[in-house]
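Here is the structure we will look at, set down as structure tokens.
The letters A, B, C, D and E name the chains in turn, as written, and every chain counts its residues from 1.
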Amino acid sequence: MLIWLLLVPVLAAVLMPVAEGWRRDGSRWLSLVALGLQALLLLPLGSDGGTWWLESRTDWLPLLGIGWHLGLDGLSYLLLWLTVALGIVSVLISWREIRQRVAFFHCNLLLSVAGIVGVFLALDLFLFFVFWELMLIPMVLLIAIWGHDNRHYAATKFFIFTQASSLLMLIAILGLAFAHRAQTGVISFDRDDLLQLQLSPVLAHWLMLGFFVAFAVKLPMVPLHTWLPDAHTEAPTAGSVMLAAILLKTGAYGLLRFSLPLFPEASAAFAPVAMTLGVLGILYGAKLAFAQHDMKRLVAYTSVSHMGFVLLGIYALNGMALQGAVMQMLAHGFSTAALFIVVGMLYERWHTRDLRQLGGLWTRLPRLSGFTMLFALASLGLPGLANFVAEFLILAGAFQRTWPLTAVAALGLVGAALYSLLLVQRSLWGAAKPAAGAPDCSRREWLVLGALALALVWFGLHPQPVLELVREPLLRVLDAPLAHSGVELSSSWLSLRGRGL
Amino acid sequence: MGAWLAWIPLLPLLSSLTLLLLGRRLDERGAALFGVGSVALAALLSLVAILLFVVSDGTAWGGQALSWFSALGLEVGFSLYFDGLTAVMVGVITGVGLLIHLYSVAYMSGDDGFARFFAYLNLFVAMMLILVLAGDFLLLYLGWEGVGLCSFLLIGFWYRVPENGYAARKAFVVTRVGDVALALGLLILVQQFGTLLIQDSVGQAQLLWADSDWPFWVALLLLGGAVGKSAQLPLQTWLPDAMAGPTPVSALIHAATMVTAGVYLIARTQGIFLLAPDVLQLVQLVGGLTLFLAACSALVQQDLKRILAYSTISQIGYMFFALGAGAFSAAVFHLMTHAFFKALLFLAAGQVILSLHHEQDIRRMGGLLRPMPFSALCFAIGCAALAALPFTSGFYSKDAILLQAYAHGGAGIAWWLALAGAGVTALYSLRLFVRLFLGECHTAPTPDNRWPMRWPLALLCLLALFGALIPQPLSDVFVSVPAGEQHVSWAVHLAVLLMPWLGLALGLWLLLRGEDLRRRFAGGILARVWRTGWGFDALYNALLVQPLSLLARLNRRDLLDLPVGFLAWLSRTCHQGLSRLQNGRLRQYVAGIVWGALLVLAVVL
Amino acid sequence: MTGLFYFTMLIALLAALQVVRGLNAVHALLHLIVTLLALSLLFFLLGAPFAAALQVIVYAGAIMVLMVFVIMMLNQGDAAVEQERAWLDVASWRVPGLLCGLLLLELGYLLLAPADGGRVRAVDAAAVGRTLFGPYLLLVELASMLLLAALVGAWHLVRPLKNRREGTSDD
Amino acid sequence: MDAAGLKALTPLLLLALCAVGTMLLAGFRRNGRLAFYSYQGGLLLALLSLTWALPERSLEVTPLLRMDAFFGYFAVLFILSAMAIGLMAAGHFRRGGGRARVEESYVLLAICLLGALVLAGAQHFAALFIGLELMSVASFVLVAYPCGGRPVEDGVQGNSLEAGLKYLLLSSAASAFLLFGIGCIYLDTGSLAFAPLPPATTLSLPGLALLLIGVAFKLALVPFHFWSPDIYEGAPTPVAALVATLSKTALFAAVLRYVWYGALLELPGLATAVAVLAALSMLIGNLLALRQRHIKRLLAYSSIAHLGYLLVVLLAVGHAGLAIDAAAVYVLAYSVTTLGAFALVGCVCEAGAEADYRLEVFGGLLWRAPCLGASLILVLLSLAGIPLTLGFIGKFYIFAAGVEAGLWWLLGVLVVGSAIGLYYYLRIVLIMLGPAPEAGGIGGRRWLVYGLALLLVLLGVYPLPVLSWLPVL
Amino acid sequence: MTEIPVEHGLLFAAALFCIGLVGVLVRRNLVFMLMSLELMLNATAFVFVLGGALHGNADGQVMFVMILTLAAAEVAVGLALVVHLYHRHRSLDADRLDVMKG
């Protein structure tokens, strides 16, 4: 069952040339079919009360304790849906944008999806690492082949940043495996086995850092974020969507699935630093977004800001904040993807993304402008839209750990208002600048944008399904630190009560 | 009970969505039907609700219609709460809102964004209703930000003019600063009580927080939110600029309803504020300062709507002053009367502006009494109420504020400011009326005889005059603040009574001396400072906006990218240097071996 | 005996220096042969008559003759000597001399660790032969392969030259 | 030498026979094809003979060689590599037309392989030395091998001659260092066998240092690496492949065995020296390749870095149980990948009349020849150590050995080096995605490339067959 | 027989080795370089013979034979290449071998 989730896109990718030969849009349809199939596979799944809804385990390299161990729980289920949904969106928005090497494009897209699905399912650390690296290669190709002018630079930067950081994670993974051998006599890369480890604090600290760096680069965390604006800006729209909506989530997912449960004490001790970095990211990302002229770059920096919230939420280490973080992953997936799509559509029509050359779009493209407005509002965290629930929960959770940082983080909301409204004001409002007329949303575009808008509103007003879905997995994440942790949270320097408030 | 209450905000909300989605397909009549009809229905429902509430002896209704979300440690629902305060607010919002909607049909006809306008306006009404009906802080916050959004959209309604966009953004961002404070306040409540139900948390606060710092912080943060939304010091700067929106918007949002949300918030959380007397003092001081400073600014403005905007700030300052002084019901009372007469003034001003082809500078006005008698009448009534002349609604509310405040706290600085402010209010009211309707006619107006616009005005005139008679079921809402020790002497009564007249007399005296107030003040430094709103804009510009934008400009390329670039440069340089060593010379290569041998031996040594 | 030993060493070193410094290839080669012969004497003194004999016969005999042959073949005359003089200016000695001096110092430091002066024990030809064709038989075979490789290679490398000189393109 | 030893020696004897036989065959009848079959047949026989010749348990055949699983693994790897090189050579040398003399190349290749096998089994310095020199002398000639697209009259091409001379002179100097080192050790211990050093060593340490210098040169470790790009560039492509794979990996195998038997890196100074060389190689090798425009030179620099990675394993020997396995796997990955790379170079760069080794030649390859392009991507990913390729398995093992031995700083350098390496591997991919050159043809033995690429992926996805066969030592 | 300190023998070998190395470094004439290489090889050969003499076993001399073989092979191939070079350039200048670089 789980293997099919992986195999479907891979098979479709392999069949791409055949589809291309069948008819002109064959590869596009095949991609849609494959992703639809995945959705169908996901649809009937549900919890049976255990830790994993589905689990499969097969030997791979038994002499190294490496197995093909996949597992699905609420968290992965949610992210798989996100992946599939945004995958479909990516195919749809590339319908007209990608005209060259269409089959290869979709091949890469699907392979990337497969890699990401693997990341969300893998429970063997070796396997996880394999998928972690694999999802990047097609993504690099997407940027490098179909990107904009500076694509080679962006692709290289992206590649080196992510690969180099993941090597650190590899070291940490191996460290864990050998620690397991030292304690039990057998080497194992299985998450279940490694969870039982008792690590010395120093070792745990360094290994945790290895994981953290890899995930933080992907997240991205300031100051390791600098690959992101370039990659997002230069990628084709579908690439930006995949990057922003899904790929960044793998970092947060990794933290939740591996970093926190495997190193509860070390993570708890590290939390103040991580939270500080998260807050830094929120503000710094907002500040940079505010300064940009290039719309796509602006949106890219908003990602930095939003993912800063995720980092803050994750390391707040309480249920509310974790749920908020997951919610933010989802909301950011939708809102930022939507903004990238809008920018892509504008670029398709006007061949510029420079805010100085845009303006008054509302007059020309009222529908598209309306969508832009809505997505910008989601980005600034307007209540009623999904981002708000997420950000509020994160702040509420983080506040219980540390009030000064949370107060500073809350300033990010002002920053969000600044850049979002600047985007609206400079592109939508003002005198209508581009002279040439262009068609408003086509039906396909309407469908995509409408679906995303609906998702944002729906999850803004009814986030409960998401919160329910991830409640159990997150509680398990949380159990670990509470069960093992000897660190007295309230005595940390960030504590609210400690300040005699 | 109460599930049907949800329909009060839902009706305008649905209408708004309809208009947003289908607005382009509807003609003006259709759009107006949706826009006005939904509000009318909401008003009707509200009326029913209020009547039922009064009939049921004023017990508060609370109910949770639906769950919003329940996270680990926090449960939030779309819960509604209806008590006397809500009743007053709902009444004002739907009542005044309905009148303004009616007025707008005529005012906005012909604008190509007609449907959009009503969509936004309906959305605003919905959000405002959510704000006041909310039984949960987070729902209140939703409305709170929602009205901010609508304010933003409506200020920037005529989006083609860049200044409007700027004003809209400024309004949103400045109020967002307050919102953040409010949000932080809510976070404390979450942390402490694990709930955001308003009544629960306020109740728990009173139970648990007798001797603690918490009320101080929570109240302070709530005040921050209130100050932002209600344009009080120090976040008042956005409101004068917000006048860029269409005049009915100014009337509804920036005079009658939204800007009083702060007052509502403080009144709603009275329980917490009472635990924090320091903050209450601060509220009073903020109110007093704001009302006086804004009144002075109103005195010297040249733009009709800006005068009214500063006047609004000033009047809300009275409300804050009252809240701070413990005169909660007086504040709410003034909130209501102010909604009536300020809406009247704005709408009448709108009529004037429309007649003068969107002329707003009062220096180009004058002598409009004859061509526009109806507007003049409206203005006269509105100004009278604003100046708190006897037997107008404003008179009662302002009297109540000043006297109750005196009774509670005696004559502090704030009280004296409030008293002086009453005089200044009268003065600028007189100036406004005189500049508009007396003297020479500078611009020929088109007649103001559009009846659809007159009906609402007429009704508002009545309300401005007799609105004080509307009873307010507030007795159960507010904990009665222990009456002050101060005996309110007859001298105080007299002073309060006479102050507006004093202002009027001063004005008349100046008028009779033939000296225009403008000329009197025009050149003075004081006037210039007043006209620019006491220089707050310049201050913020220099302290915040400029540094921020400078920072943004300087760091557009992301300084943190430099180390990465440096590493790349370093690699390239190393590569070039090393490549140069690879020069193809055999003997150099041998030398390389020898160097290597030296190195290895040295390491081994 | 010991004196002779050190004396021979000295000769070997001096001759080696002459090889390195020499301008005329043939002279240098003669100096090289002197070095080789001196070494041969040293081997003999060290009780390795077999090695000494081989040194004389194979090295100084066969290999050097090969070199003499080639040098004669490429005979460049006096011009070459002038050329060498130009190439070997003082400056070109500095860095290599310094480097090798340093290396020698390091080596000396490392190698002059206190070691017991061992008594030299003679290993005669018979012993060497027994060893070579006993346990090291494989080595000998492999050495033959080495020579085969050199033979095939040298022949193959030089063949085109021969062809060209003879004007025939193929054999 | 008894019968069992003789039986165990069969592959070596077969190879020697193959060399002599091919030479004799060429003497009787000059035919390139015949020589090719003779060569490949001999190799195949040797490979097959391994299946029965290899003793069950580790067997000492004369003091020189030890036939064990370690030998078996590397012997198979080397013979297969040599077969692949033979295939490449057949394609390459034939480009000269009928006049080119290719027969000798097979003789020399066979001798080279013989040396490699001797090294794989060497447990004695004499074997180490003779194996090494067998390979060296044969490759001197092969590097300068007269052949190629020019008239035979010209003989050795300029670059080849230059490369051959450089290789010869530098290699001889390095051999002298190596010998001096061995001499010192011999002087100290009185034995040439691989064995732990006596506790009170005086001369062995400098001896080992000198030995290390010689070895480092042959392995082209920084700062003894100068020769390698020139040799790679000048040598005919198959020979470059030979120098890149066989002559390095074989020596590495022998050194590995010595280090392992002798537990040498317990000596602190020596371990430091090796670590320094490893770090320098990883960093400088990758830096040198960074913007290199010549594919063969780039591969040379890249292999410098890869040998640096391998040294990490060497350091882990004795501290990590995985070390020998890691070395074996990495050598396999490195060989297959490098051979693939050179086969690709043969296909793409030498298709035209004039060989063109600029990277631009790869422009648009993915669109011109999708399968070759995909193979190139695979090879590059394998070089970069990205999962699902054999290169990743190799790198994974290196990391594992490093972690197990706690070589944290070297691992850090490894990460940095790999990060730099990613740049130029990706750069080739990007060039390949870009515009095609004006004159770009495709030729040569494509199926060799495909085969190697397939091997990369297959073993990358499911390396169990290799891993479970690893010499359990 | 003779009794000499090992250090002195080694020192002699090292000196001879270094002289040869200097030769390789300094000379531009390839023939001289080859000769210098021979010096280096001889130095190592001396070490082996010395070792054999000290330990009284034949391994040292066996290695000497091997070195001899190597020297022969090297000189043969090297001279073949040198002759080639001379035919190409009419010069034995090692510094002309710098076409490949970078």
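Following the convention adopted for this analysis, contacts are C-beta pairs under 8 Å (C-beta built on N, C-alpha and C of every residue); 3 or more make two chains touch, one makes a residue touch a chain.
Since this is a predicted model, take the numbers as computed values, not measurements.
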Using the contact definition stated above, find the chains touching both chain B and chain C. D, E
Connected chain clusters in the absence of chain C: one piece
Among all chains, whose Cα centre is located farthest from the one for chain B? C
Most heavily contacting chain pair (counted by C-beta pairs in contact): C-E
Most central chain by CA mean? A
Distance in whole angstrom between the CA centres of chain B and chain E is 95
So, in whole Å, the Cα centroid of chain B is separated from that of chain D by 78
Using Cα averages as centroids, what's the distance between chain C and chain E in whole Å? 5
Per the centroid of Cα atoms for each chain, what is the distance between chain A and chain D, given in Å? 43
Listing for chain A: what residues touch at least two other chains? none
Going by the touch rule set out above, which residues of chain E reach two or more other chains? 6, 10, 17, 20-21, 24-26, 28, 34, 45, 50, 54-55, 57, 59-60, 62, 66, 70, 73-74, 77, 81-82, 84, 87, 94, 97, 99-102
For chain D, residues contacting two or more additional chains: 126, 130, 133, 137, 140-141, 144, 155-156, 165-166, 169, 173, 184, 203, 205-206, 209, 229-230, 292, 423
Which two-chain combinations touch? A-B, A-D, B-C, B-D, B-E, C-D, C-E, D-E
For chain B, which residues count as touching chain D in their complex? 571-572, 574-575, 578-579, 581-582, 584, 586, 588-590, 592-593, 595-597, 599-601, 603-605
Touching residues (chain side chain C, partner chain E) in the complex: 1-2, 5-6, 9, 12-13, 16-17, 19-20, 22, 25, 28-29, 32, 35-36, 39, 42-43, 45-48, 50-51, 54-55, 58-59, 62-63, 66-67, 70-71, 73-74, 76, 80, 83-84, 87-88, 92-93, 95-97, 99-101, 103-104, 107-108, 111-113, 115-123, 127-128, 130-132, 136, 139, 143, 146-147, 149-151, 153-154, 157-158, 161
Contact residues on chain D for chain E in the complex? 125-126, 129-130, 133, 137, 140-141, 144, 155-156, 158-159, 161-166, 168-169, 172-173, 175-176, 179-180, 182-184, 186-187, 190-192, 203, 229-230, 233-234, 292-294, 297
Residues on chain E engaged by chain D in the complex (per definition of touch): 6, 10, 13, 17, 20-21, 24, 30, 33-34, 37, 40-41, 43-45, 47-48, 50-51, 54-55, 57, 59-60, 62-63, 66-67, 70, 73-74, 77-78, 81-82, 84-85, 87-88, 94, 97, 99-102
Touching residues (chain side chain C, partner chain B) in the complex: 95-96, 99-100, 102-103, 106-107, 109-110
